[in-house]
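Okay, so subunit A shows up in both of these, paired with subunit B first and subunit C after.
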Partner chain A sequence: MSKSQLSKALSGVAAIAGVGHSDWIADYAAVRGGAKPHDSFGYGAIALKRALEDAGIDKSEIDGLVSGPPTAHERMCEVLGIDPSWGAQADAMMGIQAAAMAIHAGMCEVVALVYGNDQRSAAVNYGGSNAAGGNAFLSYIYHAPWGFTSQGALYAIMLRRFMHDTGFTEADMGQVAVAQRLHASLNPHAIMQKRVTIEDYLATNYVTEPLHLLDYCLINDGGVAFIMMSAERARRGKRKPAVIHGIGRHDLSREATSLAPRLTNFYRPAQAKVAEQVFNMAGVGPKDMSCLQIYDSFSVHIPLALEGYGYCGYGEAAKFLRETGISLERGLPVNTSGGHLSESYMQGWNHQVEAVRQIRGECGDRQVPDCRYVHYSSDVAGKALSIIYGH
Partner chain B sequence: MNERVFIEPQPSAETEAFWHAAGEGRFLVKRCTACGKAHWYPRSHCPFCASADTVWEEASGEGVIYSYSVMRRAKPPYVMAYVTLAEGPTMMTNIVDCDPDGLSIGDAVTLRFVTTAEGAALPMFAPKAAAGVVDPAEERP
Partner chain C sequence: MGHSSRVLGHYDKPMWDSIARKEWALQYCPESARFRYPPSPICPDSLSMNYEWRPIKGTGEILSWAIFHRKYFDDFPPPYNTIAVRLDEGPIVVSNLVGPEPEGDWIGRRVQVVYAEHDGVTIPKMKLV
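Showing the complex of A and B:
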């Protein structure tokens, strides 16, 4: 589809009016101590209650419900005590896109998006021959005889090639962990708040070479919820809304099991399409962004997104990290909460919370001054997806 | 050093012929007779043109390392690698019989079957002595 044909119909239609999440730090400590504070539904219920309070609305006003992937939709509706007129099972990114379309189409007015995951206490396996997702992510099952049993192996092989192609170094990679830990140290909700240096990063052992321990995200229990409604209605609400100005998505599933989209093209074709779609819809460009929130199951997502969305050219991420920077101290701040590496691994859901809080200006010591637009990007599970939040 | 334990392959209707041939020492890939392209992993329907006219052919067993990673925490450590086959597709495999610290992207490798505890043959690769082979992936636009 050429640029002129891309729809802008969803721009400015919907907004996030409330956010909530569970107590990541306390639950992380409890689970490490052998306790199981809640199951996935329970974490979701805690998050929803807080999101409702944040938005200043009653549960009875909800008429749409999106449930995250680990929790069956029907059961989530039962646990929350909600009989919606519209619903979907979706991850954070696709859920926001679906909810914006449902609101725009008049299928419902107030959508709760609810995620709960007891992945740490339940010892969920994201790789190997019993990988979560089964045939939906066949690669780990298919390649298991060769010992390809983890997400880390995939991203390590990709990073090795990226380094070979572009001159990116391990010290460049370490900039991500260092910056995000700095941000986490300013975030009272972050699980890992102790600052680290490049020397600390390089001194940690390889897990899957060239990935170091600090390139890996956390695995923790928790829940996140948002309340979405029309931007018009949200502007009359208790909180300053985070309005969704652009949404874009492009899938790369054709060679998913052989892992070609990730390994041979770094998802660039999908990101290029999504960049055109989302920036065109929002009427802004990379230079207008105040900060980025990037899905970071592994640190290597950050240089790829910087290149893939045009914050720098292909092969220029190392130069960008060295000369511009991605921390709150200089440059273009990325993952201002600490992200999945240091705040909480809520599979993209906590990034939306941070985007909303930055737009509202309530981030305290880690607030980006005069935050006008926030770009959220993910490129996982067969698709690239972006959301641009603003006022 | 512990001996490596492999997860046994689970042949499906699409891959049964592949594993049977591997057990006989033959490394097969699937090629589509409609569009002419070879693909990996083996499928009944061509991922490029959706034709069901796919046939088995014996691969040369020659390839080039596209990228790799040493699984440092495994006991014993091993080398995961993405190898571009002479026939075109790139497959996830291992580099064996090698010095993990001496490998480079672009190295030429050749087929080496490794047998699991239950007797399945896994196609893996070992470095070729000769260097200086051009990586076909380098030539992509």
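Showing the complex of A and C:
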């Protein structure tokens, strides 16, 4: 498909008008102390109440509802007392894309997207004999007879190949954890606020080599919610809206279980297609981005996205990390909240909150000056997705 | 924690039977002339549902590797290695490298299947050629 044929129909149509989340720090401490403050529905409900308050709207205005993966849709609607005209069960990215399409199509006007996850207090395992997600992603469980399990291992073996192909080193990888922890130290909502150095990073144990402990996301309880509506309606609201200027998705699922898309091209073909979609739709390019929010279940996502979306050339991520930088101190800031590694592991949902707050200019010590556009990207389990947020 | 276990889906059993005979076979589609892994109902290239179980040579090249330092299964005490191997027939499989390990980079090293017993099940592993 040539650039002129790519749809721009969703550009500037929808906006996030309100965000809310649970108190990740307090709940993390409570759960570590043996308590269980809420279940997944409870965390989602707290987040929704705060998102409604943030948007300055009443629950009665909601006529669309997206429930995150951990919470059954019907029960979430029941718990919240919402009977929507349109709904879906979806992760953060697919939920936002679907909600934007539903709003554009006139299926509904105000969508609440609600996510709650009690993964820490419920002792969810992302590896081993009961690995979460194995029913949906065969690669999570198929290689167990060889002891190969956990999403971390999928990224470890991918990183090893990336290091071989591009000369990327473990010290290069450590730049991500160090920069994101710096950002988290400036974020009052972040669970891990203590700054770390490259030496600290390299001194931590491997979990699955070449990934160190600090390359892994946190596992914590919590909830996040957003209120989406037409950009036009959002502009009349209480808050400065974060308008969606570009949104796109491309999957690479062929040979997913045998890891081919990870090991042979690092999902680059999918990212290239999504980059073309979203930058064309938004009418901007990588150089126009004020900061990036990248889904970081593992730090490896960051160099792969920098290359995949054209922030640097293929094989140049190490050079970009060394010479340009990804911290608020220099270069192109990535994951300004601390991300999944240091703020909270809300499976892409908290990244949208940070994008909205950066666009609004309400991030305090970690605010990116004159923040005009924020690129959110995720490449998880065969799906590359991106959003360009702006004013 | 728990033990590791095989995924035994609708199309997996003939493959594991072939492994138990130490003659690892994969589905081969005569129309696309391609092998596929893991076993599945249809050829993703030709959409033909005809296939034969064809023994593989068991040779290939290491695409990447990862070392587990954390315990995930009772029957896999860390540290242990895992490798991704591009079989000469085309598909990529995950396995373990047994015997001597390469110094430095493992990628590109040639390997050959060897069969190992693990809790009464025959598992295909790899050794350096």
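Here, the second predicted complex is superposed on the first by the 389 of 391 C-alpha atoms of A that agree within 3 Å, B and C clash if a C-alpha of one lies under 4 Å from a C-alpha of the other, contacts with A are read in each partner's own complex, and residues count from 1 in each chain.
By definition in this document, a residue touches a chain if its C-beta (ideal position, glycine included) is under 8 Å from a C-beta of that chain, and two chains touch if they have at least 3 such contacts.
All of these numbers come straight from a predicted model, not from anything done at the bench.
Asks: Consider subunit A as the common anchor and indicate whether subunit B and subunit C clash or fit when overlaid.
Replies: clash
Asks: Taking the superposition on A as described, I'd like to know which of subunit B and subunit C A:G147 touches: first, second, both or neither.
Replies: In the superposed model, A:G147 contacts both subunit B and subunit C.
Asks: For A:G127, decide between first (touching subunit B), second (touching subunit C), both and neither.
Replies: Touch partner of A:G127: subunit C, not subunit B.
Asks: Does subunit B (first) or subunit C (second) touch A:A260, or do both, or does neither?
Replies: both
Asks: Determine, under the contact definition given at the top, whether A:R161 touches first (subunit B), second (subunit C), both, or neither.
Replies: Both partners, subunit B and subunit C.
Asks: Touching A:R322, do we find subunit B (first), subunit C (second), both, or neither?
Replies: Touch status of A:R322: no partner.
Asks: Does the superposition put A:Y206 against subunit B (first), subunit C (second), both, or neither?
Replies: In the superposed model, A:Y206 contacts both subunit B and subunit C.
Asks: For A:R330, is the partner it touches subunit B (first), subunit C (second), both, or none of the two (neither)?
Replies: neither
Asks: Touching subunit B and also subunit C: which subunit A residues?
Replies: Correct list for subunit A: 128-129, 141-149, 153, 156-158, 160-161, 164, 205-210, 254-255, 257-260, 263-264.
Asks: For a test of understanding, state which residues of subunit A touch subunit B in their complex under the given definition.
Replies: Touching subunit B: residues 128-129, 139, 141-149, 153, 156-158, 160-161, 164, 205-211, 254-255, 257-260, 263-264 of subunit A.
Asks: Would you pull the subunit B residues touching subunit A in the complex into a rising list?
Replies: 4, 6-10, 39-41, 47, 66-74, 78, 80-82, 89-94, 105, 116, 120, 122, 124, 137, 140
Asks: Using the touch definition up top, name the residues of subunit A that touch subunit C in the complex.
Replies: So the residues of subunit A in touch with subunit C come to 127-130, 138, 141-150, 153, 156-158, 160-161, 164, 205-210, 254-255, 257-260, 263-264.
Asks: Which part of subunit C faces subunit A closely enough to touch in the complex?
Replies: 1-7, 37-38, 44, 63-70, 72-73, 75-76, 80, 82, 84, 91-96, 105, 107, 118, 121, 123, 125
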